[in-house]
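Two complexes, one shared chain (chain A), two partners (chain B, chain C).
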Partner chain A sequence: MTTSVEAGVEAPEPPAFIDPRKGAGGWLSQHVGTAIVCGFLGYILGHWLGNYIGSAYPYIANSGQNSLTDFLALLFMVTGWLLGIGALNYPLAKIVGREAKGEVQYTGWTRYFRYNLDHKVVGIQYVVGVLLFFFTGGLLAMAIRTELLNPTVHVFSADTYIKIVSEHGTIMMMMASSVIVGPLGNYFVPLMIGARRMAFPRIEAFSLWTFIAGYFVIFSALAYGGFPTGWTGYAPLQTQAGPGMVSYLFGFAVISVGMMTAGFNLAVTIINYRAPGMTWSRVPVFVWSIIATAALLTLASPVLTAAGLFGLLDKVDQTAFYVTEHGGSSYLWENLFWFFGHPEVYIMALPGFGIVGEIIPVFCRKPLFAYRIAAAGMIGVALLSFFVWQHHLFQSGIDPDMRPLFMLTTELISIPTGFIFLVGMGTLYKAKIRYEVPMLFCMAVYFNFLIGGVSGVFLSDVPVNVTVHGGFFVLSHFHYTIMGGLIFAFFAGLYFWLPKMTGRTMNKKLGLWHFWTMFVFFNLTFFPMFVIGMLGQPRRVFTYAKNLQTLNDFSSIAAFCLGASFLIFVANLMWSQFIAPQKAPANPWDSLGLEWQTATPIPAYNFERIPVIMTDPYHYSEEGAPELADFGHDPPVHASSFTARTDPNQYE
Partner chain B sequence: MSPESAIGSEENHFRRIVIIWVVLSVVLDLLFWFLVGPHVPPGRMTSTAKDNQFDFNVLMVIGLPVVIGVWEWLGYAAVKWNVKRKDMPESVGGPGAAGNKRTEVSWIVITTFVVLCLAVFGTIALYAGNGSGSGEGPNPILQPAGAVKAETAALAGTGSWSPNSNEVLPVQVIAQQWKFTYRYPTFGGFESPDLIVPDNTEIAFNVTSLDVIHSFWAYQLEVKADANPMQNNVAFTKTEQLGNFEVRCSELCGIWHGAMFNPGKVVSESAFMTWATTTESTNATNTANLAPFAWTYVPDANGAAGGYYPDGNVTPYSTVEIYGSKQPS
Partner chain C sequence: MTDMIKNSHGISDTPEEREFELRAHIGSIWSGGRLFIGMYTFLLASLVFSYFYLRSSNNGLLWRPDHVTAPTAYGWAIYSLTLLAVLMAIFGQSRLRKGGVFEWQTAIWVGVAAALLALFLQIYEFTAVPFYPGSSGYASTFIGYSVINILTIFIVAYWLETTVARSLRMNKELGGVNSQLSMHPSAQSFRANVASMTYFLGFVALASTLLFAMFYLL
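Moving on to the complex of A and B:
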């Protein structure tokens, strides 16, 4: 049906399934405390059950590694956790044929500790979650650099060291796959597309609490004695490893379920919940990056879930998916893992591109250059990312005929990635740059990601790959893309959007200190690693050639300073959000983004009326530019120039 | 400012950026190529080291201008186009700032062209370098002349190699937690903890593992091939200089992965012949106790330490070992 839109339609009522009750709620209601208790009880129950079943089979009972017990304990722990937080209330009620009770949505501070269906609450919960992952992984990185201060004097045993390395890699990868999509994607996508909520609020909250459960599962590996495989978990080392490996496999399976559901919800929301007038050519680039990422999350994560479950079966039930001498194949894991793992790399990169594209025009006071190219670049990267995974296996003994093909596809992916640079450079051209903290982080993303990208071309070239594969060169390369790109973009986004999320502005001076120390020491930490790699230091070693000590020490000291730079961030966060909060204006950066046109704090259902979108949000410094949107109140309707479909945002 | 002068200054900016870029790129490329290039690790000890060093240098010469160009653009913008006053900047936008078809098309065409050239270059280099020292799996498609003959003869136990014969020398690399050992099939299949290879010879490294995945990285030889259980992964190189080299494991293989390295040596062909024949005779008793030479070996299925057999002699678990006394019905 094609009708001209009448903006300012009546605001719909909150959905019937939500019971918006004021106040903090009692201690006996479901919250993170009950989740912990139920998780603990689940763990004990699963452990007992595993021992009970396992005792019937000598090969399990006598193995000294009763993986069945460990697996069931973790499975029941996660189930108990989800039960305790209230994630299963609705599905369980439906399963037994009862009408589900409305979820109580408290408005007090305790809602941040509960199963909440408001995407803004989930976004902030995600911020805390990813920072928990990030700082844990960061401390482990400090331990790694401490060990590498000296090739012969060891702080840790070889055993402990490899467990630290493995835990660092896995925690950071889990964190990085959600670091922008989780907090900023969940918080801002509905606001940017003019929606009042997510398509599947329960699935959204489920993805968050699964993600947090994943943290506990992967961290439990240390209590089980750790795992020695690094984040890549290669079999048959995986099959050979102790019970900590179960935490790795099950942890990745849990996290992948969280990633899948988060991606699914975001994709459906973006496709179906755009406000009238929010055509695909007006969707903000950040939303483009999130839908591209969501597609990858939804399609790539299930492969990891399956690969993890195969590994669990190998450990728990003595199957042989990855055991070569019993008919399996170690290549199966390598291929399944990287079929997920390479899209995963772009799951990490794309949201960073989106944030940069979103923020740069605001501080350049210029329209985004080549908007369509930016969107095409993200879609192109997402599509190509499924066709490059075997470049991780160039030296593995795969069919040698495949290598020129994967060299080509890998190098092709630099074309759409280059689009992102064109967009940034075009926007900077003759701009009026304002040096605010988010802008500096964005420029650093371009600076760092360039090194990461160009070094990637060296890795994609099979002959040069012989030198650089498996050494510190590749280690430096992916830290430049993930930390130099994604993490810098995450902080750009955090500094940019926190005033809208919390209503409190971050301290600029501390922000500048944070930026400059992080930028300088990041480069001082990781640039020498390219040289260390070229000089022949393999990854994940606790000892190395004596002549590399100076470079390693330089890198380690810079790494400690890099670690310290995050203390400045934490201090800034504490100071400006809790100790001496400064009220932020509703739109401190003068952004045209739809999310900034809301009141601060943002009302429960975002927009008083569903806005009618009239243009894309990048018409900075443009005389006579069309108004961004009609919000249904004064000034009056401007929506005569387009037609729109039926409003999808109305609740049933 | 009149529109004409505005356009003039726009051209000046762009022209200035391009001139600086060209000058910087040419200077740094030349400096790199002549000063740094010949010393790029891991040196020029073998044909693959030499070829791959050339490839690396070519990529650097292409990559440097890209890095310089983007950094220069960022730096130029940061210095020239920032707002120094506190009030809002004047208008610089307008519909024209949202895109420029000529720029966009040129960017796409140029980057695509460069990327395709890189892929073609890499493929040619890979073929010309007989696989460039990388593991090609059990059935290599890129190999030096005479490799198939030498490998077939080696497995049959009829292989021969002598100084100045220009024959390919097969060497087997057996990786296990946490060491490499080497077998020389043309010399009776003796096993040695030392990797000694002759100069001026095409070597076929046949890499396999007895347990988990390792990676054989002969650093100065510029050879890297993963060691997979029950698979032969073949990589070729031709030695061109005498000297010592380092072998390291470059795939995480467990606790002592960091300690899995050993030195190796390229010696003259006659010295190698002497060493090989001497070792063959002194090790004869040990060799007789080894598993018969094969490209891959199967670990003892019961996990007995150190036991391994040629592929095919698997000792399966017994049902009692699997199920205990409770046999499944």
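Moving on to the complex of A and C:
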């Protein structure tokens, strides 16, 4: 059987993924409304089925808590949601052998409420999704800080307080896992590599709607009475907890499926859809960060899925994975959870590094310093992140003789992380910096991450770890790395790319107000927590020593101001995009990035001609720098220029 | 530019661009299949880790009390049927490479039947295990294994069935006999899918053997 394709002899049509028909079907077709209705019906069906099945098994019926019902209700709710939005249309059509049909390409605002296969629409949908997570988690944070205003006068009971803390932590961590990969990764990776599409647009859309479903599942925990374990869900508290724990376990499992599929699609797209000439040494640093993150998402998330599954089986089928008295082990959860959980930290951090690395050369008008080291650093961090999880068990569940090994691996990971940091410093060195809003956010990332990173090096040392474990010092450390690093980088990316995404420019004055209030009040909120932690205040406890009240009040008031700073962002977004929109220039920052070289608004196919890449996008202020790409190659570049990578013969 | 053909966006593509898109698509199926194996490996590794962690911990000497015995007959039947489905896929692919489309389809249908039977047996075994799920560490991991095996066999059955269904429809759509072997993009994509599926099934065979040995023989 011969399979070679002679260029120029045959012009096969690539499989279509978008149907050019506009808006067929209207409101009778699938959209968020049908997803909600199907999800609701699924919930009722699952609830009934759970009761029906549970009554047939004495060990479930007599357990005093039919978690099977709670689980099946949520499972059917998610299935109904996916069915209602249209995520299962294609998998079902495949059963009778149908090939993927082009999806109807809806136009106008209704496309944002549908299962859309355009990566740019999915990117915008993700923005809304992560902001939904972020503001829900943020409101819960305000509730936490309100409770901590006074050690003796309480707003919430101790039980309610820990459940608010748990919900806050879980929602924020799940949001953070996708906050950059979802919106900005999905939107910009194809544009940055010169691709017209994602490799698996249906899987990309599936990841989004699964992510949203995960939000509802985790949020449903509050309706079930919450869960008291914090975001880490440790056993045996997990085993003893009420039905809200099912929402936690299942929600994590659902979101982990969303994370896996998102990472899977992005990795395959970057490997296969890079435009001709886009060699690995020309790949933008943001794309490097996304492929490193995608590898972590794809490989670490299944462990979380398994951990969640085992926890669910403990609840639903009365197994004893995490029940020490019945031959299980509560430490098993800790191992599985943190085997995912520590790479998760870098799932959150790496895209932030990528954004900053992408933005600072634009505002420094200098090439990215030591590009290859930045890329190597990201891969190094990704690899090493699989070998550090045991440092979370220094206080429990680890042979003390093993501590030095994991102390060493944890300290080792600061080396590639330091590389990435130094690449930034090298780029800033002697640069004539333009202090635009995105750049300010990038500078803040370096400032915050320095504090978060250095405190992390302390925490990797066993003696310090043992001393400050479970206290506000740790809490402050990870807020500095995740919020101070990732969330600031997310806003840097948003301010930088929103003009391209929407064609409208953000108000600079409001942007500056947003930045300065967020930066100042973030530090005023979290820096005192280092001190509070050193003075001995434990996490997740609703009262504390009287002498810590002043510091806690200071931190709480700063937190309220920090919360208010996000309202400035929302106001800016509303004002700039909807109330008084101003058309953005085609390339407002004079970036050399490939994503800025296409039309605004970006057409559905991204590039009229597949660009041929000539060099990397960092030749700022270089005389005689080569052109970035050929966008209208005539005569066309022969396909043999990229056959080495994509010879179809090798796949059969 | 010559030989321009309009794509689904109404944009005229050059033959080279079309070829690039097609090769990227086929490459995605290839690398996606491998990445899927990587993903699945970590899922199964979590189960294997749990098994050995609880076995070595043996908390309360409750790793595996004497009365906790796996239903070996079911285990053998499920394992053999899974293996049969895989072998059919491997045999089928060798025939397809030699142009034997009908033999491939027959082999895959046998594989689908074997996988569905294995799925039925695995679900039945899960609902009727002869021990209390929380009676020991082994019992718990066995239940976890059963659930993951249900998922695995379901994926095997689904992938086999959708591939053979596609090949049947392909003749109708492309209007020819043995169009699966043609140079049409759908046919090339189909063959890449068959290759990825067979590779994944080979992985399933290895993983099933390991897990069968752990849960039924050790």
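The definition used in the following text is that the second predicted complex is superposed on the first by the 599 of 652 C-alpha atoms of A that agree within 3 Å, B and C clash if a C-alpha of one lies under 4 Å from a C-alpha of the other, contacts with A are read in each partner's own complex, and residues count from 1 in each chain.
Note that a contact is a pair of C-beta atoms (placed from the backbone, for glycine too) under 8 Å apart; a residue touches a chain by one contact, two chains touch by 3 or more.
Keep in mind the model is a prediction, meaning the values are calculated, not measured.
**Student:** Quick check on the superposed pair: does A:199 touch chain B, chain C, both, or neither? Answer first, second, both or neither.
**Tutor:** Touch partner of A:199: chain C, not chain B.
**Student:** A:572 in the overlay: touching chain B, chain C, both, or neither? Say first, second, both or neither.
**Tutor:** Neither partner.
**Student:** Would you sort A:324 into first (chain B), second (chain C), both or neither based on which partner it touches?
**Tutor:** Both: A:324 reaches chain B and chain C.
**Student:** Is A:264 contacted by the first partner chain B, the second partner chain C, both or neither?
**Tutor:** second
**Student:** I'd like to know which partner A:541 touches here: chain B for first, chain C for second, both or neither.
**Tutor:** first
**Student:** In the superposed arrangement, which partner chain does A:390 touch: chain B (first), chain C (second), both, or neither?
**Tutor:** Touch partners of A:390: none, neither chain B nor chain C.
**Student:** Just checking: does A:237 make contact with chain B only, chain C only, both, or neither of them? Give me first, second, both or neither.
**Tutor:** first
**Student:** After superposition on the shared chain, which partner residues are touched by A:481: those of chain B (first), chain C (second), both, or neither?
**Tutor:** neither
**Student:** Should A:229 be classified as contacting the first partner (chain B), the second (chain C), both, or neither?
**Tutor:** first
**Student:** Mind sorting out which residues of chain A both chain B and chain C touch, each in its own complex?
**Tutor:** Shared contact residues on chain A (touching chain B in one complex, chain C in the other): 59, 318, 324-326, 331.
**Student:** Within the complex, which stretch of chain A touches chain C?
**Tutor:** It comes out as residues 1, 3, 5, 7-20, 59, 94-99, 102, 195-196, 199-200, 260, 264, 267-269, 271-273, 276, 298-303, 305-307, 309-310, 313-314, 317-321, 323-329, 331-332, 335-336, 339, 603-605, 608-610, 634-639, 642-643, 645-648, 650-652.
**Student:** Quick check on the complex: what are the chain C residues that touch chain A?
**Tutor:** Chain C residues touching chain A: 1, 3, 5, 7-11, 13-32, 35-36, 38-40, 42-43, 45-47, 49-50, 53-54, 57-60, 62-64, 97-99, 132-141, 143-144, 147-148, 158, 161-162, 164-170, 173, 181, 183-186, 188-189, 191-192, 195-196.
**Student:** Please give the residue numbers of chain B that touch chain A in the complex, ascending.
**Tutor:** 10, 13, 40-42, 48, 51-52, 55-56, 59, 63, 66-67, 70-71, 73-74, 77-78, 81-83, 88-95, 97-100, 103-104, 107-108, 111-112, 115, 118-119, 121-123, 125-126, 129, 131-142, 207, 211-213, 215, 217, 219, 222-226, 228-233, 246, 248-259, 298-299, 301, 314, 321-326
**Student:** Flag every residue of chain A that touches chain B in the complex, lowest number first.
**Tutor:** 56-59, 158-159, 161-162, 228-230, 232, 234-237, 240, 318, 324-326, 330-331, 365-373, 394-401, 403-404, 407-408, 411-412, 414-415, 418-419, 421-422, 425-426, 428-435, 443, 446-447, 450-451, 454, 457-458, 460-467, 469-471, 534-536, 538-545, 590, 618-623
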